[in-house]
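The structures considered in this document are given below.
Each of the two complexes below includes subunit A, the first together with subunit B, the second together with subunit C.
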Partner chain A sequence: MDYTMEDTQNSAPDALEATKLNSAAQRNDTQSVTKRLQAELMQLMLSPSPGISAFPDADGNLLSWTATITGPTETPYEGLTLKLSFTFPNNYPYSPPTVLFKTPIYHPNFDFSGRICLDILKDKWSAVYNVQSVLLSLQSLLGEPNNASPLNAQAAELWDSDQEEFKKHVLARHRDLDDE
Partner chain B sequence: MSLSKLVWSHFGPHHPFPEKQKFHGFYRDALAPPALSPPLGLSLSAAFAPPGTVTMSNSSNMNALSPDEMQRFQKLSNEFEPEVPGLFVSPKQSSHNIALEYANADPTLATKTNALAVTHPMTRVMKGDGNCGWRAVAFGYFETLFALRDPLRVQRELARIKSLTYTLDRVGYADHLYEIFIDATEEIFAQTAAAIQNGDQDELFLVNAFNNEYKSNSVIMHFRLLTSAWMKLNPVRYQAFLSLPLEQYCATEIDTVRTEIDEVGLQALVDGVIEGAGFGIEILYLDRSEGDAVTPHQLSSNCPSGATIRLLYRPGHYDLIYRAEQTVNMAPVVNYQYAMTSNYSPWDQGALSFDVNSHLMSIPNLMADPAFGMGAPMSPMPSLSPPPATYRISPTQDMYQSPMQAHAPVPSIPVPSPPPVLPSAAPPPMTSLPSRSSDGPQIRLNPLVMKPNLNQLPVTAPFKKSSPYNQAHFQNQDFEPIHWEPNDTRRYDGSRR
Partner chain C sequence: MISTYPLNAGRQRVFGSVFSPASLEARPPLASSLGSDQTPLASFQPNSSFSTVKTGSFTSLQHEQSAAAPLDREKWDQAWSASTAFLAVPNQGFAPIYEARETDGSEALKEWSRLSPPSKETAEALSYLTAAAQQGSTSLGATTPKNLFDWYGDEIRRHFLTNLRSGLYKLLKNPEKEGLLRTIVDCLQLARRIYLAPVVHYLLPLLPTREQGRVLTQLQRAFHTVASHSLPWSTISPLLGGELAKDSLIILGIDTLIEQSREDESSQDGMEVDRQYSVSYEDWKNETSEVQAQMMTEGENGRVTMARDRLLAFLNGLQLVGLGGDKAQKVFASVMNLMMTEFVRAAYTRQWETPTAVPQHLQHWIENVFARLAVQVLAIIHTPAPGSQSPGSLDVSFGDVERWQEIGIARLGALRTSELFDIIVEWPASSGAVEDLRHFTTHPAARAHVTQSFIAILNQRLLHPGASTVEILQLYISIIRAFHLLDPKGVLLDRIARPIRRYLRGRDDTVKVIVGGLLAEPATADAAALPSTNDTLVELSTELSKAHQLSLQNNTSELDWDDMNWVPDPIDAATDYRKSKSSDVIDSLVSLFDSKETFVKELQTLLSDRLLQKREDYDQEISVLELLKVRFGDSALQACEVMLRDISDSRRVDAVVRNDQGLSKPPARIHAKRPLNQPLPELHAKILSRFFWPEIQDQEFKVPDEIASLQDRYSAGFEALKASRKLTWRNGLGQATVELELSDRSFSEEVTTWQATVIYAFQSTDDDNVTRTVSYLAEQLHMAATLVRSACLFWVSKRILVESSRDTFRVLECLPTDDEMEADASGHNSGAADLQSGAVSNAAAAAAEAAAMAAAKETAEAAAMEKMNLYWQFIVGMLTNQGAMPLQRIVMMLKIVVPGGFPFSNEELREFLAGMVSRKKLEIVSGGNYKLVH
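What follows is the complex of A and B.
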């Protein structure tokens, strides 16, 4: 928090006080993020959902995770293993994590850099969403793209017009990533 | 050369077209970052009402951009977050600041804000970051709880809020996700209890807690989830007011981290979370509707004096505002009226030793002649300090009356050598009232003395004992008129107990 730009006319003493307190509170915040992410991890391990998994990266930094989604049956992604990265901001869960597809993917709502167009990862983010609910949303998006706001317009068009051709594009673009 | 290219050239470092000059001024205005002050509604609309030709050129230009550029602009626009200056919750400040903001705005707003600064002398500004309404109510809740200074009540509220946790479970929120929000709320309850225990004079600890981003967000999230659960468990009350299915409304408007509260959400927050505390909530709408005062709207079933959260609403933004009663400081003053009469009890014209001829009494400042005051035989009362008390205005009143009308007929008389009970700060500049508090205690003549029939006192509501609006005081032998300072907050809190 930076309050140095504050309008000090009315608030100088209080603002300074708040700044002091906040630097002390900063540590608590990190602890809270950690606590929350540990709780999420615990939950994922105790009651895993079929087709999704996630784990913090090996570097011991709880703020970056790698997740896996298995392509749902009866979708063009059936049987494919898709890897994603989660990066959590310091004020998680009050800001959404940054989620990217690491595995190259052909889909109306994901672009070729793996960026995701999903409202719950933007302005509709809620602090009760979590790694598990994000992964489940993405999993269902694989079978039901939102063609109203595509990032990949060609994919959106093809999804509606030619499912066969769409699947060919999916398989052509897919490449399994090595386990790191 | 197309007009469209011309316009876009302003985004690049070079301006190859000499013609740009004639558009330059216009575009600079339109693109200037909007000021944050509220009168802006007016100036903004002017700035964003460009002549049709330019708008068209602008859109045709968008088509000319390559997809990559479009994507880049889209990304920039998606990620744009205005820098919102200021604390999440400001310290209390004079409402005259609001009046100043509107001094040059629409006359209706100027009139309303001037009147508001008198009836509601203090405000607390919320940061306009998309949570201001939620934050105002959450802060107001804890502030009210603290102001009551009742440790038992804090315990009771903590228990009540925690008991609502079962509603979160019932609608399916996972406890490992919401527990950090409850922890934060509990911490603020503990701080409130400790502050009461320590006899803290002011609510600085709360201001600090709410300016901690994490704590602030956690408490707001907790209140959001309780509101959401309440709505889902009582859908009938709200669904008819929503354009979305209630579940979807909650997911996209209530559970989110930065969606501003709307009227339905606010009502649900009051119903589900706040009203159980017995606190009142009132909104004062500041807009350009007709009238010379803000429009109050009561959200709770009642608004108990001393335990009512007041929100000032300007389109798109909520702040907290405090009525005069919360900051009133009452001290004894010389009872001029009764010093001149030896018989206090019968309340009728005959008992008054001075002329109550209504025509004479209505001459402004007749009684204000200092010579008259000096010469009058009187014995100042000893400066006892009775506990300052709040008064309450009859709850049936619908509008805050213009202070001019309310007080103008009451002449004020400066009294020599008043007991300097309170070192009061200089009052804020009164724009619509004659300065009454700067020159010491004054005599307050009840307007009723001008009425011919004083036997029927139009008392319509239960008054607290020391309410200045309670005309029944004049029947009481021990009655002392009170002197109030509209801007002395600390003293009020401090000497309350």
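What follows is the complex of A and C.
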């Protein structure tokens, strides 16, 4: 099993420019990243949190994952299934993963291409965060958007003014991603 | 060494057949009218220059005379018609030639009037014409329409095509191929004589010497062309190949080898023939070196000599009629190629002894037998290249012989390569064969060939589910040793080992077998004198104790800059090839696994099994552990260390606790009946540090009260001794000595604790037969029903209980007497009855065992289910995020993401998923994809 893994790791698409700088140490890094991600996965499996789930992508590459958040109750997103993609850099966990919403979503802090405005994914990132904590943060963000720094100003406005209308927008925008 | 004699003999034969001495003598003197008297006949013989020179001078004289004669057109015409009439070949068809092919030919020649001397006029006409031809076209110009020799060449062609060709065709079509070519060659030879006899006898002497050769060659070429034209080479070459093969098989001694091996198969004795001449390796290697040297060069037996003569004569004929030369050489080469392979196969198959002399024998054979035949044959069917070698020179150089020897070694290598698997199976008895192979694997291509074909054989014969892991490991060990001899650098081994190692990693029980082998008792292995029994690799434990000193000494890495013996890796080494200094078997096996952890974990499990057995000492385990510590370092084996410590410590602690708690009063149990208020049973405990021991599968049940109270006292004593530690009792592991008093017998044996607990439940004071059902016992003892049943069946096999009805057991207080048994058996004698009862108890024992297995399996399955739950989490996560997936992909993903790998097969997972489908947690959507039900 380790053989296949090694192969795929060597050909891992490098998501960040940063990897080019430390390509010499890349192999070792990749190995420790893999270990870390495996441990995170194990933790997710052993103590699953309700409403969130994540798993590596089917191409056998541990550096990209797909996650699922179920919309928390008593929010406009209740009952919706939201999919996200995680792309881990080669120096994870020292740099944050790139997280995107795959499901179209209407939310003050997420733009229409699924980009996320969340401090812990940017300058506030720390190596103690992990997939689970990122997902939990996003889950709570669904219920309590940070309207101070909106990516989607209209949504921010609407959230404050008209929750009913907001929910309509959310449902209009939402589209379940088909299973492959 | 290579005698030139046969060459000369060959040549003499060639000329003998053309210029048959008989016909020469019968030749009448040449026409005296030309003034040339008894000059010795100029035979076309380049090496007898003496006579040629002499006649040359004479003919030039004649030449001048005839040149002086006036050339007259009419005279020329007359001479022409006379000569052509004389020379013309009668159209007699093919039949007479075919009939006469086996005679010496003189009869036929007479019959065809090819030897009758020309009449005077004809002779004159001939000499006139030749003279005219000599002067050539310069003086005659257009007036001479033709050259007589050109005409005769055409005549040969015409005659051959009209008379012989169809006959030869018919011959060729003959389905009987045996000796067909010989017949054809005989016929052609006769035809050739018929054509050339008059020319040689009457025409050539009229010519000057230098012309004689040219003319004869010209006519011969005419004949050769037409002959080879009429006989398609595609038909001839297989025939020729067959002929060559038939005789060379005998000459090269291959046929005797094959016969010998056949005889060896049928009968081993009666082979005491005194062979002076033999190419057999078996005979050869038993001789002294002097005899060895002579064996192949001297004393050919009659059969071989005969075959050789026959072949050479045949080839002479072949060459004469123009079927030799280049093409025949090619056929010969291919036949010899085949012979080489055949010889190597016949002579050396399964000759694997050490020390090996096979390469020497082969070289000897090639030099003395193979090359000899090649020289002889090539001398005959040489290509008549213009200005070619002087007659004494050899067609075969020593360089060629050396090349042949190389080829022979390569063939030997190919044979050994194909045998390699069997060689390794028989290792170490077959190390000689590996030595042979060393001569072959000198360049990268050969090495690549060896490894590739061996890997192919391995895949076919070893790495399949039919072979047990022990077998594979056993063979792998042999391979390691054999290839270490073959290639001390280990590059070949490195390449061979990869597929094996990959395969072994895929096997579940590899670790178990290796660890089991390591822990096996080497002493028993020596005693049994067997390399390995069927289920353990005891060899490993011997290896372990033997090899560890070696491996310690030179553990220098690549970074040893002072290593003056350093050489670069061989060029065909793989990029990630690492040189291992020693052929350390244990290292190779242990390094099969990516981490020592797997190995250590298995070692722990096995060790725990062995340590929990009740034994006097654990020296074997301790020594193995010490040896492994040297290899792996202390830290890796810390847990095992602790386990051993636990066992030795608990002995001490046990004594102290029992002393403190007053448990060790000598119990008065000798012949004691066992009513309830009897002295307490003894209780000993092994105290294990839970953290360091592998998970132990345990059967939970309630021990009898008096044992439980003992346990409590023991625990109290232990806690008093070690304040911060607590005892948790593992009731299922352990042994109990059970003594039973039945009304007619007593019983005492060491059994497992759960078996003891079950039989304890049958205890009674009164004489009633106690009857218990399995379900009652299970409830009372908090024990799994399967386990209860298994214990009951165990006691049935001991003839303590009987199963009165399904799942209901009763104590067998009195054994049925022999009489009763006899009554039961109705008519059988008591011996048979005993036998029967024996069979009954055997069957019961087997049933008990099966039941115990079932119980064990049940607990194992429960544990597996526990694990499956974790995998289920993975599957849910996977299917939630990645959408529906087919089974294959699920398995693949699990293998990647589950730490330590996914231990279940596709089938097991399919079953598990099917279970989930039936529980409505999953559904199967289109394309066999599994999807979560929301």
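The definition used in the following text is that the second predicted complex is superposed on the first by the 154 of 180 C-alpha atoms of A that agree within 3 Å, B and C clash if a C-alpha of one lies under 4 Å from a C-alpha of the other, contacts with A are read in each partner's own complex, and residues count from 1 in each chain.
Following the convention adopted for this analysis, a contact is a pair of C-beta atoms (placed from the backbone, for glycine too) under 8 Å apart; a residue touches a chain by one contact, two chains touch by 3 or more.
Values in this document were obtained by computation on a predicted structure and should not be read as measured data.
**Student:** After the superposition on A, what does A:L62 contact: first (subunit B), second (subunit C), both or neither?
**Tutor:** So A:L62 only meets subunit C here.
**Student:** Which holds for A:Q154: it touches subunit B only (first), subunit C only (second), both, or neither?
**Tutor:** neither
**Student:** With both complexes superposed on chain A, which partner does A:S140 reach: first (subunit B), second (subunit C), both or neither?
**Tutor:** Touch partners of A:S140: none, neither subunit B nor subunit C.
**Student:** Just to be sure I read the superposition right, which of the two partners does A:Y94 touch: subunit B = first, subunit C = second, or both, or neither?
**Tutor:** After superposing on A, A:Y94 lies in contact with subunit B but is clear of subunit C.
**Student:** Once the structures are superposed on A, label A:M42 by its partner contacts, choosing first (subunit B), second (subunit C), both or neither.
**Tutor:** both
**Student:** So in the superposed three-chain picture, is A:T73 touching just subunit B, just subunit C, both, or none of them (first/second/both/neither)?
**Tutor:** It touches nothing on subunit B or subunit C.
**Student:** In the overlaid three-chain picture, which partner chain does A:W125 touch, first (subunit B) or second (subunit C), both, or neither?
**Tutor:** first
**Student:** Please report the subunit A residues shared by its interface with subunit B and its interface with subunit C.
**Tutor:** 1, 3, 5, 42
**Student:** Can you list the subunit A residues touching subunit C in their complex?
**Tutor:** 1-5, 38, 41-42, 44-46, 48, 53-58, 60, 62, 65-68, 83, 178-180
**Student:** What residues on subunit C touch subunit A, complex-wise?
**Tutor:** Contact set of subunit C toward subunit A: 502, 594, 870, 873-874, 876-878, 880-885, 889, 892-893, 895-897, 899, 901, 929, 931.
**Student:** Within the complex, which stretch of subunit A touches subunit B?
**Tutor:** 1, 3, 5-7, 10-11, 14-15, 17-18, 21-22, 25, 28-29, 32, 35-36, 39-40, 42-43, 91, 93-95, 119, 122-128, 130
**Student:** Per the contact definition, I'd like the list of subunit B residues that touch subunit A in the complex.
**Tutor:** Touch list, subunit B to subunit A: 78, 85-87, 90-91, 93, 97, 173-174, 176-181, 204, 207-208, 211-215, 217-218, 221, 225, 251-252, 255-259.
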